[in-house]
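Here come two complexes built around subunit A, the first alongside subunit B, the second alongside subunit C.
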Partner chain A sequence: MKYRVLALACSALLLSAGETVAEVPSVIAIRGARIVTVSGPVIARGAVILRDGLIEAVGDAQPPPGAWIIDGEGLTVYPGLLDALSTLGLPDTPSLNGTGRPNATRPQGAPPAVPRGPEDRPLNTSYLRAADELSPTDRRLEAARNAGFTGAVTFPTQGVFAGLGAVIDLAGKRPGQMVVQSPAGLYLTTHSGGFGSGYPSSLMGVIAYIRQIYLDAGQYKTAKAIYAAHPKGLKRPGYDKWLEGVLEAPRVLLPARDPKEMERMLRLGEELNLKVLLYGLAEGFRAPEILKNRNAQVLVNLRWPEKPRAADPEAEETLRDLETRDLAPSTPAALVKAGVKFAFYAGALEKPSDVAPAIRRAMNAGLSHDNAVRALTLNVAELYGVSDRLGSVEKGKIANLVVTRGDLFRDKTEVKYVFVDGIKYEPAAEAPAPAPEVTR
Partner chain B sequence: MKPVALWIAAAAALYAASDDSFLIRGAAVYPVAAPGIENASLLVLDGRVAEVGAKVAAPRGVRVIDGKGLRVYPGMIDSATEVGISEIGAVGVTNDVRELGDFKPQLRAGIAVNPSSEHIPVIRANGITAAMAIPDGGVIAGQASLMRLDGWTWEEMAVKLDAALHLNFPTITTRRFPAGAAPFSEAKRDYERRLKQLDEYLEQARRYRTAKKAGGPDFRTDLHFEAMLPVLEGKVPLMVSAVREREIKAALEWAEKQKLRLVLSEVRKPGAMLAELKAKQIPVILGPTQDLPLDHDDPYDAAFTLPAELYKAGVKFAFGSFGNQFSRNLPYQAATAVAFGLPYDEGLKSVTLYPAGIWGVSAEMGSIEKGKWADLMVTDGDPLEVRTQVRRLFIKGKEVDLESKHTRLYKRYLARP
Partner chain C sequence: MTKLPWAALAAGITLAAAPPIVIQNARVLTVTRGAFTGAVIVKDGKIAEAAEKVMIPPGARVIDAGGQYLMPGIIDCHSHIAADSINEGAASVSSMVGIEDVLNPDDISIYRALAGGVTTANILHGSANSIGGKCTVIKTRWGKDADGLKFEGAMPGIKFALGENPKRQGMDDGPAGSRRNLRYPGTRMGVEDVIREAFTEAKAYQARWKEYEAGKARGETLIPPRRDLKLEPLVEVLEGKRFVHAHCYRADEILMLLRVADEFGFKIRTLQHVLEGYKVAREIAAHGAGASTFSDWWSYKVEAYDAIPYNAAIMVRKGVLVSLNSDSGELMRRLNTEAAKTMKYGGLTETEALSLITINPAKQLKIDDRVGSIEVGKDADLVLFDKHPLSSYAKVQKVFIDGVVYFDRDKDLSERRLLELNKRKLLEKEKQSAPQQKKQDRRPQ
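Showing the complex of A and B:
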């Protein structure tokens, strides 16, 4: 008992390192604030009432007696930001910018060292569930909250079939409290093992492998259904854990950087009858019509292409690379113009505070502020099918809010409060990032 | 007068039996070193050019070849190949290009050349009579040998076994095999380390030379350093591949510091170093000039126009095919260069006279001149024209069969029912 108290005290200390966590009043009312609902018109002055982790009322409502009142004078309430593709809450997963620790141990029952074909299921950890691996003590959660994020769609990232993601809230006492929706989708990459690591070792091999896995999964599903209907007298189909996650995924995330890849992946998705979210899209500005024509839904990487840091200073860069670096931030505006639905993801950025400058670049390239907010809130929720719970300031939705002084993404904007599941977090004035070691 | 006549009479019997003496009559002769002569005669005695002119009398007994409608040119020299030391790239045992080890100046590519290589007749059929066989691998790869493309053994083929020493001069390489890139700083450190290694090797070679001069009972002959002596004395040039300006600059500065003679190869983007190359009289072996551009945004004809740029800058150059079977395209490398601005005569010289000069054998080959070996191609047209056929080929005055694997296959499939 004593130890448990100590542990709780420690975790409280950890959480309070750079921000203040409010005691939990069951009712909170933010009064007199400007409310950007995203789902409806902006309310110039109104109240938002939060009860038991949900939004109870928005607009003219009077704070109920006993409510914890927050003076919203001069503040703006937004729905909490959602990162559409990240590794938040998964401290052991290499992040999307290629940093971080790879899994030290090979998962149990993993395929043999040098796979010879699709039957060995190489680079397939589709059975991994982000929801099962969550850690509320991931230090990055606080930095994300400080930047206005309250939720994320978080994924295992390794391999071709990396694993099943989950829509999560960026706070919670226990991992299970963080999960909003699982599985949210299956994250695929085209990273082959590389030369000498066996099948698949080329892009062509990876695509063939993806096809084969879906063919196998289809066959597996049919076999299971037949067996389930008439188990007597039938040889049972073997359990294939590498296909279970594939079958379960409600949607598939496929990488596409340039028009050729966009076309290729959309065709693959159509061929395999998948619900596809394309991610990446650095060169989406070149051919947004491809996306429009095929009714694509896309996730745009907020890490705009950069000059390679340690490159040979005399190496000649291609005009295409220079152009991409210059024009990639115009992709969001081009997508809006073409009528393509998209959301942003920040998972490849080094730190959440890089989000605002990245958004500003997209706005300088023609994206409206409204659309920028939408691409980090309601659009994320809609693309993942959770817009009934997240993504806007609406009655009945989860009480995930960000309250700022000044417009979101502006240079001097201050994030005053963040609410996750109705619990208030206050970023420290000087948010230390990363959080310092407090207790040991 | 009389002794001469006697001598000729005595010789006549000899020539009649020998196969390296003949007279071509009524052909257009293009000596390359001098203007072409229409309707001329060319006398070859004992494998060497004896006389060229409008009227040359055939010594009695000498075979006479009717050259009507034909042209005679010196045979072409390919300045960079793996001919005879690599047969099929994908079949390991047929490749003798790379030896193990970093420093192996004592290796002579020429003695590894297989005289029965299937590539040799194929190449010859396009008028190429000599080629540099270049070893590779390590830092000092070995001696590149100039080989005549006819002979029963390598000894018969060898023109100059130590025509050059092939050095893989270190470069700053950020690309990593099979993929990815190293940070520039790391690549640079690696480069500096390798350069230091090379400098130390040369220093050792110099100490060896000093020790050898001093003699003494402790002196022991070392074949590695023995092979370095002619290089240190400037008798044998170093063949160094340097593609871009930075690499050329580094190689030139290094060679100047080390007081060594250079022949650059595979130059693609010399940039500001063109003037340097001219000033220091450093010859260049141009790589496959029918290549695609080096960098993504280069003009499509970057490789085609490079020879003309070098010519305008006054840099001496010759063509190399850097292959084995594709050595047969050597005349078309020159032809493409001519189509893209190189004067015609320069194009022809870049595959004949200039390589002979660069490899130090211009007294022996490279043009049709009295006293030089009769390495000749007899064509039905301009050799820089694709449709032109080589009708006859002579190496050291001996007629060489133009049959090759290509012609054999051609006949075989032509006869298919």
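Showing the complex of A and C:
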């Protein structure tokens, strides 16, 4: 018990003001609360028992002796929200604000300054692991928890082959304790270096580059297997850390904003035999059937398109742009209707408190509350293959919960408690929003 | 695709088993079979009949084109529309990239070209590279997705470029006002060298794979060679499976390229721009290369100073297969008047002039079995003009691709008001909701 008190003091030091101290009893029982399990029906009134960071029981269970009791009267328990694509826990990684460009500085051992072809492995840090770069002191973690988030899938974001992401919990004493699953996928962008920066300098260059890298990776795998079986008399294939990273990824995230890009990227994925998660989808409402027909799985950006801030007031906007701004929030409802599996991501929003208003816009455009919750919980877990551990209030899963007064995403809803790995966090009522960490 | 108003212009809606269409009383300019006043019957996307007198099939949709002119859809052998990127300028051999990967079916230039009577276009990579990217032949099927644009079955192509464009890429400001060349080559000699080196590499690559296949056939344990997307298209060129479309201006360079091609054993399918082609027309004809040029566009760079408007006509008379191209989304809308200029400069006949934008580019792209003239069995890609297409007063009335109306002038004009109305409504809606959002933002957090 002394150890626990010490740990309590330590986490108190780690946490900044505005969020009360995390408590670490080994058994917690939330009693008399409404429980939105997501995986099953809503329990109008019941208990959730948490033991040693896991969910021990859900429903009409009795609190075991010695448990810390939390009165859930008038509260609702949800699975903790999961951000399907973010940079949380990676304070040195540029945010996903949609305009991110690779930094001028390159990581050590990077290719020559002006790459001339795929052989130079330009804009490629496929070997970089989010799990290795995590920082539990990233101050954005607290803001995310205050908005109900307990987990995220977090990625390096620079370059074309940005790196390997990890499913993480949004709290932990040490970086390693935050990791739930690594690698979770490889994050790709189509940001070329632009003119004068070397290969690839165009969209088609980027696509050709991606294709060549996957062909190389296939050949590398074959060559290594043949060599391993017959090392005598064969020339040794060289070690290639970029291809190692590519081969390790269980899935690939590819960008797609509109139907044209959806088809383009899904075709590329089929051609290269990749398991693809499309991300973006602002104009998904235009042709959800493309996604359905190709069995696509998608991550929808909660940052709905806005009028460019520095727009030329004289410039005439196209009907298409106006329509996109008007109808982008109807994408989630259109996906539900078409039967396309999707999750939301908040990584491109300026701050986690922008999530609820963004969800409300999607709900005004036809998305049900249930589906909205699902797209930030169980669907995220399922799309990343961790639904055996995360995404719902179920016995045996990781004790990540958000407890609210009022329905999630409502204007006046109060996030009462957040549990991460069974540890309780309590957002302060008037926590000042942290400065947005968006690079522009 | 979608029922939204922006797509209302997308007239191309294919119906299963569409009824036959009869375009009658038109002056039909077949290009390959003379001209007559009569009718064309379209069935299942193909030209089923073209004659002075026809039997109207039961259930046919009849279009009375009295006083109007029907010609085959215009073909542009050199265009850069409908693609999200054009140049991969970082390498002087960028054969690994291809337009097919970045086709943009939403580019409004497609609709504009269509409205100018263009039904087929060769979408080329840019001219920043000695050996550029792969090209794609499309039909201007506005409203279709990227796959729906592709001219199915057309021979694949690749862009080459000679002269100023490939040699001046990647310049930047060096110290004290000087200019630095960041990318080889920096001279015309260098361009030749880059092409030679690339094909030497391609031959070695081809040999490496043959050797591997042979070894494998003998049952040896071998690690397969790496597939190289840069060299694969060049091997296809060597094997005659991919056409070379080479951007060029000067006579000396044209001869250089023909010599290099002869030496390595491949053909140049078309010389593009080829403004000094008239100086070496016999040599071009002897190689069997086609020429795709401008009507009267020159002096926009030093190497275009020796261009003359008689270029197309002279090359035609010397036995070169000639077409006129646009290289521009704007010029593309009026290739018919470009063709007409060759009657003034060089005295081509009406049919010869029309050939430059129909059957000749079809032959250059080897799609003349499908398009390029009004003949029974060919694709029903047709343009209806209100006046003779070689008149500068002629306006496109209707355009058919595969027998489907993709452009209708009356429909376009009548829909403009609706589009404008929708736009104003959305602007108004956005204005209404803007102040509310601001209020929300001011809420204490």
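We take it that the second predicted complex is superposed on the first by the 413 of 440 C-alpha atoms of A that agree within 3 Å, B and C clash if a C-alpha of one lies under 4 Å from a C-alpha of the other, contacts with A are read in each partner's own complex, and residues count from 1 in each chain.
In the analysis below, a contact is a pair of C-beta atoms (placed from the backbone, for glycine too) under 8 Å apart; a residue touches a chain by one contact, two chains touch by 3 or more.
All values derive from a computational prediction rather than experimental measurement.
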- Query: Between subunit B and subunit C, positioned on subunit A by superposition, is the outcome a clash or a fit?
  - Reply: clash
- Query: After superposition on the shared chain, which partner residues are touched by A:287: those of subunit B (first), subunit C (second), both, or neither?
  - Reply: second
- Which partner does A:116 reach: the first (subunit B), the second (subunit C), both, or neither? second
- Greater subunit A contact set [subunit C / subunit B]: C
- With the two complexes superposed on chain A, say which partner A:319 touches: subunit B (first), subunit C (second), both, or neither. both
- Task: Once the structures are superposed on A, label A:44 by its partner contacts, choosing first (subunit B), second (subunit C), both or neither.
- Result: neither
- Query: What is the contact status of A:308 with respect to subunit B (first) and subunit C (second): first, second, both, or neither?
  - Reply: first
- Query: Does the superposition put A:212 against subunit B (first), subunit C (second), both, or neither?
  - Reply: second
- Task: Could you point to the stretch of subunit B, among 96-104, 294-302, 366-374 or 402-410, that collides with subunit C in the superposition?
- Result: 402-410
- subunit B and subunit C footprints on subunit A meet at residues 195-196, 318-320
- Which of the residues in subunit B end up touching subunit A in this complex? 172, 174, 177-179, 181-187, 244, 246, 295-297
- Across the complex, what residues on subunit A touch subunit B? 194-196, 308-316, 318-320
- Contact residues on subunit C for subunit A in the complex? 1-2, 4-6, 83-91, 94, 96-99, 101-102, 104-106, 125, 133, 145-147, 170, 172, 182, 221-224, 226-230, 419, 422-423, 426-427, 429-430, 440, 444-445
- Message: Considering only the defined contacts, which subunit A positions touch subunit C in the complex?
- Response: 114-118, 193, 195-205, 207-209, 211-212, 215-216, 219, 222-223, 226-227, 230, 234-235, 237, 258-260, 263-264, 268, 286-287, 290, 307, 317-320, 322-323, 325-326, 353, 357, 430, 432-433
